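When the chains are written out, they are named A, B, C, D, E and F in that same order, and each has its own residue count from 1.
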Amino acid sequence: MKKLVLTGAAGRLGSYLREPLSRMSDELVSSDIAEDLGQLYPGERYQKADIAQYDQMFDLLDGADVVVHFGALVDEVPFEEMLGPNFLGAYNVWEAAYQRGLKRVVYASSIHAVGMYLRSDFIGTDAPHRPDTFYGLAKCFAEDLGRMYWEKRQLEAVCLRILSCARVTNTRALGTWLSYDDLIQLVTRAVDTPTTGFSIVYGVSNNDRAPVDNSKASFLGYRPKDNAEQFAERILKQAQPADIKGLSDTRHGGPFAAVDLGESCMIQMNIVDDKKEN
Amino acid sequence: MKKLVLTGAAGRLGSYLREPLSRMSDELVSSDIAEDLGQLYPGERYQKADIAQYDQMFDLLDGADVVVHFGALVDEVPFEEMLGPNFLGAYNVWEAAYQRGLKRVVYASSIHAVGMYLRSDFIGTDAPHRPDTFYGLAKCFAEDLGRMYWEKRQLEAVCLRILSCARVTNTRALGTWLSYDDLIQLVTRAVDTPTTGFSIVYGVSNNDRAPVDNSKASFLGYRPKDNAEQFAERILKQAQPADIKGLSDTRHGGPFAAVDLGESCMIQMNIVDDKKEN
Amino acid sequence: MKKLVLTGAAGRLGSYLREPLSRMSDELVSSDIAEDLGQLYPGERYQKADIAQYDQMFDLLDGADVVVHFGALVDEVPFEEMLGPNFLGAYNVWEAAYQRGLKRVVYASSIHAVGMYLRSDFIGTDAPHRPDTFYGLAKCFAEDLGRMYWEKRQLEAVCLRILSCARVTNTRALGTWLSYDDLIQLVTRAVDTPTTGFSIVYGVSNNDRAPVDNSKASFLGYRPKDNAEQFAERILKQAQPADIKGLSDTRHGGPFAAVDLGESCMIQMNIVDDKKEN
Amino acid sequence: MKKLVLTGAAGRLGSYLREPLSRMSDELVSSDIAEDLGQLYPGERYQKADIAQYDQMFDLLDGADVVVHFGALVDEVPFEEMLGPNFLGAYNVWEAAYQRGLKRVVYASSIHAVGMYLRSDFIGTDAPHRPDTFYGLAKCFAEDLGRMYWEKRQLEAVCLRILSCARVTNTRALGTWLSYDDLIQLVTRAVDTPTTGFSIVYGVSNNDRAPVDNSKASFLGYRPKDNAEQFAERILKQAQPADIKGLSDTRHGGPFAAVDLGESCMIQMNIVDDKKEN
Amino acid sequence: MKKLVLTGAAGRLGSYLREPLSRMSDELVSSDIAEDLGQLYPGERYQKADIAQYDQMFDLLDGADVVVHFGALVDEVPFEEMLGPNFLGAYNVWEAAYQRGLKRVVYASSIHAVGMYLRSDFIGTDAPHRPDTFYGLAKCFAEDLGRMYWEKRQLEAVCLRILSCARVTNTRALGTWLSYDDLIQLVTRAVDTPTTGFSIVYGVSNNDRAPVDNSKASFLGYRPKDNAEQFAERILKQAQPADIKGLSDTRHGGPFAAVDLGESCMIQMNIVDDKKEN
Amino acid sequence: MKKLVLTGAAGRLGSYLREPLSRMSDELVSSDIAEDLGQLYPGERYQKADIAQYDQMFDLLDGADVVVHFGALVDEVPFEEMLGPNFLGAYNVWEAAYQRGLKRVVYASSIHAVGMYLRSDFIGTDAPHRPDTFYGLAKCFAEDLGRMYWEKRQLEAVCLRILSCARVTNTRALGTWLSYDDLIQLVTRAVDTPTTGFSIVYGVSNNDRAPVDNSKASFLGYRPKDNAEQFAERILKQAQPADIKGLSDTRHGGPFAAVDLGESCMIQMNIVDDKKEN
């Protein structure tokens, strides 16, 4: 592969992907709205660009083979704020990718596209959308857009529905945890699988309590290695009693399923940068 | 019912709905971006409003029980043009309906939300989205939004996936035709059914060749009466040879499934106002 | 057919079945816990018997070909009261039928065996049980028992899951109504179909708004003729606003889905003998 | 349509198709192994040909648009006898149709391709094969071949799984009857539908007791008009007691499901030419 | 957890659960109809009680959080004998649990609730009931009851459909074995998972030949460790020829599927206490 | 087991099976059309026989318990050439096995029976046939025949749908590889499982990228050990760019899905004898 592009490279997840992606290609162009990323990896170049601006995406993707699109607002916010980065951002990336002749978009989708399903529904990758927030609705939009660009324009896409890629701090995460190593494997497979068409795969580790079904994406070869059960004893001991009928404790989306539309949820999720902790 | 609101009242389909809706409620407020509608029906009032403007929707829905949302661009256009009326328009109507305390949104969705399925797939109302155009993608967006407003905010919605509500002029329409009388029954049921939650129903007449499955929406009681088979002999005799592998002749979306994204399709569809013809 | 037996012959539904069943067989033995039924039909004989007493069932079924088992408490009551007539009664009828060598049991089951499903779920006859009351739980018990007697002992059974066989007095009944004529057709088919194995079929008329799916029972040839839509305009006009999230207005079981376990529900249902009214 | 070809034109079903097919095309070439057909219809020509001989099929299909392939042995016989007309015959017709550039094969398949399913299974057109005889196995072979010629070579096919196109003389036929008028409608739709790809449809009338599910073939517009229930009272009165566990009375294939492989079944089926009787 | 209650504590399986359950809670109350259990574990208390007596269950569950209900007759017996311990016992436990405000019932269900399915059907936890005995019918009753108490009264339940928790002595057990360690894990997960709603999970080890599908219960995190394949060579060598059409060798229920209703099956199953043997 | 018969013993796969099969039975009769096999294993005997000749199969199977039928042409060839060995050969083996009273046929079927499915369809063992070649069509024929012999004549069968049992030389094989050790386990389970009825199982190793679903065959206990991911880095590095819309790169059948019917495909597949290489 000659050229890979990564959006959202300054974000928490993006920062873990820069090094492995730089090794998969002759050139990695990392991009974000930050001024710079500090130290770069061999073969990596930084290009500041705003995903909400089509022209900047069109420039960014020049000559690329695959774009790994992780740039987005990563919390629930009012629809008007979500519109630019998460809705238009997705359109801009796919349209520019098509105009530039890329082969594939690898997209950071989310469990929140289907977050209103009961956690005891072992949902597969073909369950109809049931978003839990505007954040999730933007993921639905991008997935539907991606499928259409594949069916109408032969631009491949792999949508990674990430569950919880963060330190395990609550009982829900015993099922939803995606370790950073497994994230890297997931993105690697999404890039290196020879043909993918339009595919959806859940981003979750090999947790005993993993609540979703990746079997339809089996051909991608994503086989996670980590297991949150190592944290179970500690987490269960500290856990508050569950609200057995509450949305937060019974739906795949967790706190996002319970939050009011447009209100921030991340503080509640207790997501921290834990590169050195887990 | 005290107050109904109809958007898109000046449009082709909206114009057929004004009279029956005016009889279902104490007051019908018809709305569009036109200056006026000419002669009004008893109980009908006209209020000019742009669906792409949230404030105007918020004003329009004051005191309403149900909004019948038919306002939209009804052809394929570039994404940037679609964004205001079809994407933001849907958000504005649902958000205003929620803020104003309405009970339900009745929405003119479309077969183009699932237009890339093979015509020989007898798709039901729970088939995952496969849009064929930006036009269809906007319908996917609105349906997902509507489901979320129901699940998070208890605002009901009935999405009418209309197939072809127009004069029967080609072989595809032998299956996809929705007569105006059946359209009226469909909207009537969507309004008068006591509880609907979030529901999807295909808008198609009782055609011998109807290619979609409404059984999951059976409780709504939509039972169409008309049948396009009355036109079959004439239409089949005039028909050009089909392209048996082409998208237009094999997918539910018809010409929309074959058109380039962003390019107009309606001329090709030969849709005309045929109030007096069929 | 030489001998048919009907239990619950003095009940509201049973009383409608006596005449047609008497014409389908050389001898009809009608049974109940009443002292007598008054005037009998040609070929009909009355035998008082308590379904909760095995010996009386064993006597009753002597020489019979088929038993039509409609005897039961038909309201929600505490479990201890339900036990005798509805649980033991079912066991007694099936066990006696087996010991007496009958060919088939035709059983008055109920929608309340699956009453907790959403009304907008178009449930089929193979949906797993979700009872809404002890009344419904007894129907689940009898259906499972009946399937076992078929699979282990080659005693056929047809379970008629009746929805609402009563005057149409509320919006739910626009979907759930079973007319008396259609009840008779239903029982007739359950008796005259040459082989049935173990089968379940919903007892509902050909209502526009019928919310259940009988397609798997198609071979039985039950094709109802009546349609509650004739009452729709009147009923909808009088209807109270629905509780769009309440169990009573959103589940198949209606008021049974909302009632406390063990508390009477029939008064609320407003079921009356309406032989001459509808 | 310029030229249609009918094989098996001298057979019982073929003889009913000659007249309507002759009216659908400029030229109908009827074919069989008989010396002649007697009186021909306007536009009809007879060409003697053996389906088991590829060269004769290649000659026959010269210039044709569609072939309606009804030629076959229509009883259970040993495999060696079935091989020529029913296996090789199907291959010869499809291969010649491809080599001659035809658009479509309309094929007389049979319920016996799936005859081992329980009659109470409401099987659809996508149920995996479960043949009941070598006769049924040949139908499975031809259907799989036809699907492959569509997927590899863009030759369309419609497989008509006929249930019982004959006089109603037994209880099974109350469900399985296909009237001659409905047969003609079925073949007409299979010929005139503009695009069919590879499709399967059950050939059965609109019987109350029809035991199979044609919904997936809905787009073909086959809507039968006749109903065997008109014969029910007479047939049920004369019927012998069913064998409730026997293959013949419980499987879709009826007597074919019970017969020893390779042994004739037609006499048992009591199939007669009843052009003037039903 | 403050207080756990175990019924059937003197039984074969119950005796394995006392120690691990005593470590999961401040207090374990073990109960049975035996006079005493001998030596108790730290934190364990014994309370004699008869599950067939509601008052005794009501006393027993005072102050408990969760009841692990393993008390039952564990063989096929006539219905009248099964009624008290297995049917009324289940009702008594659930009703008392509800009246006492418990959070959850963990219930020893059984494969015999679905024992009539073909062993080659890889049945999931949502397969409709097909009991093979009165023993299995009682499990069906309790599962349906448990679902209802969840849906109507918010009392959670986890039903453990145990296959064969006993020494591996026959070829069926190569698939159905549940080791004692895996039983303990299974019960532990059923108790410690924060929210379960109403759930069903098969109790079977990680056998190569395991014939059932637990994927829908994935969120519970039950991941068995043992594998009966270690016994395969020895068992297969000693095995009698199978009866390839017999119920015992082809159905999930094994000998229970073949036994006459009401007749003991356990001797035939060769179930022994094997604490020290496997 | 007293006597096993292996057809195709001189073939590439057959040659790997001789030694393990010889150890599973008192006598192994290996058969092929070669003159001899060279050195035989203890308990092995060679009998030259042509599968296309019924009499030779009838002789061969005298006194056998199970036949492992691997004899066939293993490339795409014109239908006329396929007919004898692959179609008639299958019939001859099953018919002779029935006439000789064998218990079971173990059959080398192939992914090419369903080779036209999209590789991203995680097809199970109950997916309807979609053959990609005459070679695959013969597998469909044999599977349907085998199911019929089970349902009509109680002759068991296990059909092994082998994906790619050969050296891993291309990206497709990263998903489709079946190692020789896993082949042996697969055949062993197919022979030693006590009852199988008619079963289908995919022959594929435990590859990360395995694209098919064996869960329905779980009871057979086939649990492969090898994983082609060991070859992934090397293979992916050397790979040519994929044709993302081409049949060869997107369908389960690989090159067979793209080849013209009747044209050889094996050279393209680069299948070599690699006993000592992988």
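Simple rule for what comes next: a contact is a pair of C-beta atoms (placed from the backbone, for glycine too) under 8 Å apart; a residue touches a chain by one contact, two chains touch by 3 or more.
Chain-to-protein mapping (UniProt): A, B, C, D, E, F = 3-beta hydroxysteroid dehydrogenase.
These figures come from a predicted structure and were not determined experimentally.
Visitor: Hop distance check: chain B to chain F, minimum number of steps through touching chains?
Guide: Graph distance in the chain contact network comes out at 2.
Visitor: Which chains make contact with chain B and with chain D at once?
Guide: C
Visitor: Please report how many Å separate the Cα centroid of chain C from that of chain E, as a whole number.
Guide: Distance between chain centres, rounded to whole Å: 33 Å.
Visitor: In angstrom, rounded to a whole number, how far apart do the mean CA points of chain A and chain D lie?
Guide: From the centre of chain A to the centre of chain D is 52 Å.
Visitor: Measuring centre to centre with CA averages, how many angstrom lie between chain C and chain D?
Guide: Chain centroid spacing, chain C to chain D, equals 40 Å.
Visitor: Among all residues of chain F, which ones touch two or more of the remaining chains?
Guide: Residues of chain F never touch two or more of the other chains.
Visitor: Touching pairs of chains, all of them, please.
Guide: Contact pairs between chains: A-B, A-E, A-F, B-C, B-D, C-D, C-E, D-F, E-F.
Visitor: Touching residues of chain E toward chain F in the complex: what are they?
Guide: Per the touch definition, chain E meets chain F at residues 118-122, 171, 174-175, 207-211, 213, 229, 232, 236, 239, 242-245, 249-250.
Visitor: Show which residues of chain A lie in contact with chain B when the two form their complex.
Guide: 79, 87, 91, 95, 116, 126-133, 136-137, 140-141, 144-145, 147-148, 151-153, 260-261
Visitor: Of all residues in chain E, which touch chain A in the complex?
Guide: My answer: residues 103, 154, 156, 192-197, 199, 215-223.
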